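Got some structures for you, see below.
There are two complexes below, and they share subunit A, which is joined by subunit B in the first and by subunit C in the second.
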Partner chain A sequence: MNKRRTTWEWPVIIVVGAFFIVPMLAMTRFAMQRVPMSLLGRDTLFSRWTIRGLMNTISDDQFQPAFLLSVRLGIVTVLVVLALLLPTVLWLHLRAVQWKMAAEIVSLLAYVVPPIALVVGVSGAYRDTVPWIVSTNYGLVPLYAILCLPFAYRTLDAGFAALDLHTLVNASRSLGASWQQTFRKVLIPNLWTAILTTSFLAFAVVMGEFAISSLLLKRTLPTYMVEAQGREPQGAMGVALLLLVLTTVLFMVLGRIQKKSPTSSSQEIRITP
Partner chain B sequence: MSQLEFAHVTKKYGDLEALSAFTLSVEKGELISILGPSGCGKTTALRVAAGFEKFDAGRLIMNGHNIEPVPPQKRNMGMVFQSYSLFPHLTVAENIGFGLSIRKMDKKKRVSVVSDMLDLVRLVDVGHRYPHQLSGGQQQRVALARALAIEPTVLLLDEPLSALDAKVRVEVREEIRSLQKRTGTTTLFVTHDQDEALTISDRVCVMSNGVIQQVGTPQEVYDNPSTDFVATFIGETNSVTIGGHAVLVRPEHTRVVSDAEPDSYRGIVQSFSFAGPLKTVVVRMSVDESLVRATMTNTVGTEWTMGQEVGIVFDHILRPTT
Partner chain C sequence: MTEIDFLLKFSPVKEKNVTGGPAGSRASATSGHWSPSLVLPILPYFTFVGLFLLVPTVVLFTKAFRPVTGSTTSAMVEAMSASNRSSFMFSLKLSLYSAILGAIIGFLFALAASRIERPRRLRNLVTGFSGVAANLGGIPLAFAFIASLGAQGLFTRILYHNGIDLYGAGFKIYDFWGIVVVYLYFQIPLMLLVMLPAIDGLRPTWREAAINIGASPFQYWRRVGLPILTPSLLGGTLLLFANAFSAYATAYALSSGGSRLVPVQIRFYLQGNTITGKGNLGYALAAWMVLILLFVMTGYLLLRRRAERWRTA
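Now for the complex of A and B:
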């Protein structure tokens, strides 16, 4: 059995690895080589490598505002998602286990409701209730929060499930800690990896979200990149590659943090780059 | 004045009465065990005391004050749980100091208390370790030190030994008793294990179906059980009919003698087992066909064979069956 697994392991790793790495290598060549696409081949592997396209795009006047907007939206979305979900999931685990199934189904809504329905429905509701939110860029945050729900909920849920929550909470309270102190001094430190994972994933979703921001005519990094593709295709590809590398580095850092954490033996969530 | 008093405390879960007019006074410095089978309401009583459960009727009084409205964190009750409850992200020393830092004790004093506590539970060398680096017994000793560090008015122990293996269980049990005596901490100890309750308690409170059956010293509940439940739950009993009355007799008060002995009941040996200093003989009584067990010291020259006709003597009748 073991031998069979070893025999199959490598071909599978190679095929799956190639599935991810070959397009990335192609992206890299397209973004960094000043060679016409029709000539990109084995002969031109080492010719005319440059980061000029990437630098052109980055130094473009419109790049920075779009990039910073996406970063700001990412941070605010992460905060909103955590503020909504941490108390909710805690409550579901401690006091309302019977509602967990319903919460799980609701958290999946983002998968079944297409962006256009979300935009039309939600922005319609906002226009009638809080019209100012539609006109600001931060009007995207509630929609992004919905988009992040499926995995944000699951990651935090798994984090809570890995703890002996009732005992920890009761132990902390019997030692004199209030609910707030229990949350801050006992739960958050033990959920740290789940919170980090949720944050990174939510941030990554916002940095890459195109459909909703495009429909609402907001200039975030992805909508800018689609525009820039027409003017400077190599630069846009370069930025995409850069984001990919940054995300990979972030998740490698996260993996390291998880390994070092003293609570890691009790954590079930693992993110490996 | 009692340190902690339950006065007719009733707690219901739907139709089920987990505690039914539960009344118990715990005196200062005393260790009381609440003993009973699973689901008898013993843990509910402890959780009510800790403030984790609200109750439907009755009063809960600590040092003369009604503490029903007081939230758990203000009751100053240290608690040790059945499952390992140390905070995984804190070292042993930080765990013990948790309650003290919540109370804003200054660092110097805190370090000194933590070190005293580590000394108390004989774990001086592991202060810097994390809980997952300790054995189960060590973890429960740290949990005990953590609960004692806050100098609790009442220490609550919720089956703290049940996750430990037999040998460690006895060690930690003795440690709990010696610490409790040394610190003079009023303690409420919940267990389903009669050996535990009988060996470490000043008094035992036996419960069944949410109702207190008897409260007394270990000797009292063993020698003079006030109900059939207490008699059969604590220790072993034989149920026999003597002179037309059904009675309960302890195996150690039952003796197998030669069939010629006067005033003995007739019976036939069914089986016997030998365990070093003690031996147990099972005899079928001729009068009502019931099986009785006799546990006797092993003396030279007393041997029985299967099917042998013997006499049975009851030295002490525990109680008539009701």
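Now for the complex of A and C:
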């Protein structure tokens, strides 16, 4: 491109950037500074910063069960999604190519059924017949897995598409490896980026999910935050900030991993001995 | 809404050259769609989706078409009567405004980020940040805006000290425009993620060709740039619309549950269904949401395909 003087570009970047940064600063201040808004001025800007509110909430005996429940739900959902999709997508690429279109369309349906409609439909369908889905904490897992399906399917599908699958599998099998060994020692190492991406995203989705867990009256981290907001606003704000930081870190790590091994361009094949 | 940026990458996956091999050719030669050995391994997936997505959706619609107790008209019809229609209008209007504003600002943001060449890292910073912000939402986002634009928010106070009284002018973070502003926080980055690849797809040669035959930059944009970007722009707007329309947590937390959004209305009917006998209305509202989203997302995918035409050529 020829050299031009930039005129409007920087103002746009700065204004939009400020719009993104101010809420985060305000949130941090609210969570960590014990100075009422009306007294905040130039001379009180740096006084009375503390993490006591956050600590109070973290040591609250209702926080830990909620936090742990969300973490556990996240881990179980990741495992369910991977266990469900890895063999399926493998088979779709290897043999059942004619079913790929159907599988993909089905996975995209979750974008059309919003979480609120999903939970309404599920409770309508199973409240009387299979009540554990609605009544137990881990009944949330299938619903969360459905929420994760569209992006999980796309990620793993792209991961498999980047491999020369037939050569890999045939080589491994003809050297005498069982299906299990092929899966563990050949496929999984080559799909590592796709698997990690799926896992991180699914975990982040579950950690922040509110609509479903609140409608089914489950005490996950987000429902706890809403509830604690009335009781201990500063602590609730601190926990929300913590969740934001956690999500951001997850995404940053993810960006690093993806940059290191772009699935689409990496042609080399890794096989762990 | 959090994972929706993956839709950006939606395009029919190009078939990897099936290199034949003994396994591949045997499968395609001897078996049709339905042979058990072929279908069995993918059965768990389809069963799972059937049980937890398709069956619930079908049940949702059958209940939605049944009448409410003490009435003969289907709940689907009743769901569009007076009070519910107003909450639909509220949801639709909210999604529309936040989508259009988000699309315009997001497009300008993307254009600005793509035109600034130095510092080099700015572009990476902007895309990296957008990836995170487009996935934000839910409760933490609502909290962040309460802290900055609430009645006692940081930004509200800063404006107040500079002579602008937001709340005196009738602004409330849980009202229509408040929610629109909050939604922009994830709409703008999402639009940027849609538009950056499209803007990158504009080839310098097109611009040079236009300039060579005497076009001004304005004419280039009017006659070449914008027409090529139009499918992406429209598609992005639809995606933003769907994103806002299915969002729930943020508005709920902003208004402490009192908002007039459709999902909040659904919750109201379902929790009171045994008393009021109006549970079917909740199903009907949810069914309408699915229909609207189906319509919008189909439009998005069609436009997306159209937008890709220039990139593959």
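The criterion applied here is as follows: the second predicted complex is superposed on the first by the 219 of 273 C-alpha atoms of A that agree within 3 Å, B and C clash if a C-alpha of one lies under 4 Å from a C-alpha of the other, contacts with A are read in each partner's own complex, and residues count from 1 in each chain.
Throughout what follows, contacts are C-beta pairs under 8 Å (C-beta built on N, C-alpha and C of every residue); 3 or more make two chains touch, one makes a residue touch a chain.
Everything numeric here is computed off the predicted structure, so don't read it as measured data.
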| item | value |
| --- | --- |
| A:T155 touches, of subunit B and subunit C: first, second, both or neither? | second |
| Subunit B versus subunit C as contact partner of A:S178, first or second or both or neither | first |
| Touched partner set for A:V97, first subunit B, second subunit C, both or neither | second |
| Residue contacts on subunit A - larger count, subunit B or subunit C | C |
| First, second, both or neither for A:G121, with subunit B first and subunit C second | second |
| Partner chain(s) touched by A:P131 [first = subunit B, second = subunit C, both, neither] | neither |
| Touching partner for A:D164 - first (subunit B), second (subunit C), both, neither | both |
| Subunit B versus subunit C as contact partner of A:P65, first or second or both or neither | neither |
| Touching partner for A:P189 - first (subunit B), second (subunit C), both, neither | first |
| Subunit A residues contacted in one complex by subunit B, in the other by subunit C | 164, 167, 170 |
| Subunit B residues touching subunit A - in the complex, by the definition given at the top | 50-52, 71-79, 81, 83-89, 98-99, 102-103, 130, 132, 143, 146-147, 150, 156 |
| Contact set on subunit A toward subunit C in their complex | 1, 6, 8-10, 12-13, 16, 19-20, 22-27, 29-31, 37-38, 40, 84-85, 87-88, 91-100, 103-104, 106-118, 120-126, 142-143, 145-151, 154-155, 157-158, 161, 164-167, 169-170, 201, 204-205, 208-211, 214-215, 222, 225-226, 229, 236-237, 240-241, 243-244, 247-248, 251-252, 255 |
| Residue ranges of subunit A in contact with subunit B within the complex | 164, 167-168, 170-178, 181, 185-186, 189-190, 192, 261-263, 265-266 |
| Subunit A-touching residues of subunit C, taken from the complex the two chains share | 2-4, 6-7, 9-10, 13-16, 18-24, 27-28, 33, 38-39, 41-42, 44-46, 48-49, 51-57, 59-60, 63, 105, 108-109, 111-113, 115-117, 122, 126, 128-129, 131-133, 135-141, 143-145, 147-149, 152-155, 157, 184-185, 188, 204, 242, 245-246, 248-249, 252-253, 263, 266-267, 270, 282-283, 286-287, 289-290, 293-294, 297 |
